[in-house]
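Note that the chains take the letters A, B and C in the order they are written out, and that residue 1 is the start of every chain.
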């Protein structure tokens, strides 16, 4: 809006959200960090006070036991690795399914494109929780899939599909698919199709055209979509709770259990910090790509 | 059609089937008389009895009502804060705190909800210890939390609308004597209303549907609809949940189709006007 | 002008000596974006009531200069005075200047009437006064019957007129126009050029026009400034710039020109030895420069006489070369001939098609003689 905005006005417009987010987003993380270093107490709130006063000076009391606990207990380590694995595999599946879909939509006629986008987006607007629930009905032992397979005599015993890795993959891929398709579509839609025509004119097969022209140009969309799926999937709670294994928990479930079941807020905080550490780089990558995308539009 | 065309179209069809079969199955079985949901009771189905049970279930209806109220306030708050942020990031150039603001608005979009939820609750507890507010958890803490994570989405929508906006319109307004605030309210804002509206709807849906963050910051006595549903479905399938799902899908479909038809109508009218003007010439 | 080699010193562009205090004074203005200088030490005076055109290619800095006048950019160094007032601290919404944008920038959600009234509303005028003034200006631009339309319901030419009305209704002292005719088709462009001139005369507003189109600049302006790489190459009336370009750049930029390198062997004479031409060029003035110095002779294509025989040649005997016609472009009113002369260089000659029938016209591969008067060339050192 020009270089002559009055200072006070600008301060207000930028300052209000800045203040809000500092208070409700940034400072909370600092508090989590602090509590991860504190000891659990049988009190309300169930952790040792934030600052100890020693001879008139505030002195933070750092208790590293929570982290030590996490690093030595195999339950936690395996949950981390399991979560990272599940998130990575789910992201890959989302990509393999979502990319061709986004591609097809971007090459459809304008009317179809609107309809198809609406169809992709419609599930997104209905409840996440309910859509995961739907898979319970499909996957359980007397659920739809088993009933159909048994009806046609393909199997005689119901397949145990719930409470498994398979169910979790399906649940995550199913819920996060629109998040992969939309950034990919946004990217693919901007491609100049005359480039492909030029390639065909020079003798390239359609597959070559795809791998050497379309794919490289869509890398930004691939990365954006993948981050949009991977990062939240690591800490996913609902899908593993409803569909996942009981013998191997994902880290989001671990955090929640520590908090709600064990009332061990410090350990829950430590878990959160360690998840954050693993995700810091992907989150920064995501922010970088968001910024680039907006700048490209200017 | 090229080979890649065939391949991608097949994938599209399978993908759409994959997306819709679960939803359709939920809808179909909402009319199933059997309490086992997925075992079709042909003798007594289809039936609307689960809808009746749903709507007379005080706990569910109360929770739905609470969710709506929270979502209305959260969406509005998120839109106000998100628009302010979007304007600041899209129009202000570099300023102190810009990177921080920009970072804090993209992070919540991808941050796992367990982390956001935990941190918000710890924050509220510490705040209460410190200054005595907010007193306990409840609708207020839920609303504040929802506003916080929803505003990030609104910011992205508004910011990308503003970035693609023709700045010469704002310059023309300034050139004609309008001060920056007038420029925003009389020129910019009217033209980004669709973006703000879709931001509001997005925020409403995210708030209404939120489970994890809400579980952390809700207290005893405030149960939102997702919380009620979750505790039900942890124990297994439940036919009234199917009925609820059907209602929701119906509402969303009506909403989406209406808005698409409306936009199409607007575009058609606009195109016709432009053609008439060009034909008249000079 | 009897100045020999440089009509105006281009680097220190132009300040009219002894002219009345300029309405717009641009003093040593530089605008840098990072290390890149979009506008480089430009000084310019523009008088009240002029139509002044800034002409240049893309990247010449003309649009940046215009935006600084409007207030959307601030100069890195230098000052801008408008009607005696220093503009450094004055934001765009407080300047008595209005701008017509290249894209017109009409507010899409407002009717024509509200668009035009917008500027007056910012001045907090009364409703009836606003209505009257809006009606008057729409009358002048001939858009009175379109008041209730929205911009997307108007054609390109109509939108342009509304944009003009919106800018003029505030009675600014100065109107800035950014490529005003670029979006219009040819016929409309010619018509609008004259309309703009009429309106300007009628209202007495000073116009500063930015354009990349020479024809537009030549038609519209009372004076023009040619810009190149952020600097002013030359300022003057269209005729002065066309007939007496100050530098090779200006000579080449405006219209077409034939440029030949040569040396002044004997100072104080009007003789130039040119190997490129393969003859001695005789001009009708004395050239004051050191002996042996290199100069360039610029001759416009329409000033060269082309004849089949030596007898029909014009000008001094020395201004004569022989050549063969290689290409002809028939343009209707004139024909353009590319003639390869004995030295190997190609000369461009424009002749009006006086004869209707093709018989008498010179054809390809014919041998011809090119000649010109002593007054025709312009001699340049840079």
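Annotations for the structure displayed:
Simple rule for what comes next: a residue touches a chain if its C-beta (ideal position, glycine included) is under 8 Å from a C-beta of that chain, and two chains touch if they have at least 3 such contacts.
What you are looking at is a predicted structure, and each value in this text was computed from that prediction instead of being measured.
Comparing the centres of all chains, each the average of its CA atoms, the largest separation from subunit A belongs to C. Nearest to the global CA centroid, when each chain is reduced to the mean of its CA atoms, is chain B. One inter-chain figure worth recording: subunit B and subunit C are separated by 55 Å, centre to centre, where each centre is the mean of the chain's CA atoms.
One inter-chain figure worth recording: subunit A and subunit B are separated by 17 Å, centre to centre, where each centre is the mean of the chain's CA atoms.
Each chain gets one centre point, the mean of its Cα atoms, and the points for subunit A and subunit C are 59 Å apart.
Residues of subunit C in contact with two or more other chains: 71-72, 91-93.
Annotation for subunit A: residues touching 2 or more other chains are 2, 4. Residue positions of subunit B with contacts to 2 or more other chains are 171, 174. Residues 2-5, 7-12, 15-16, 18-23, 25-26, 29, 36-39, 81-82, 84-85, 87-88, 90-92, 95, 97-98, 100-115, 118-120, 122-123, 125-126, 129, 144-145, 147-148, 151, 155-156, 159-160, 163-164, 170-171, 174, 180-181, 183-184, 205, 209, 211-212, 215-216, 226, 229-230, 233-234, 236-237, 241-242, 244-245, 248-249, 252-253, 255-257, 260, 264 of subunit B are the ones touching subunit A in the complex. On the subunit B side of its complex with subunit C, the touching residues are 166, 168-169, 171-179, 182, 186-187, 190-191, 270, 273-274, 276-278, 280-282.
Interface residues of subunit C, counted against subunit B in their complex, comprise 70-72, 91-94, 97-99, 101-103, 105-109, 118-119, 122-123, 149-150, 152-158, 166-167, 170, 188. Against subunit B, in their complex, subunit A makes its touches with residues 1-2, 4-6, 9-10, 13-14, 16-18, 20-29, 31-32, 35, 45, 50, 97-98, 100-101, 103-105, 107, 114, 116, 118-123, 125-131, 133-138, 140, 142-144, 147, 174, 177, 205-207, 209-210, 227-228, 231-232, 234-238, 241-242, 252, 255-256, 259-260, 265, 268-269, 272, 275-276, 279, 282-283, 286-287, 290-291, 293-294, 297-298.
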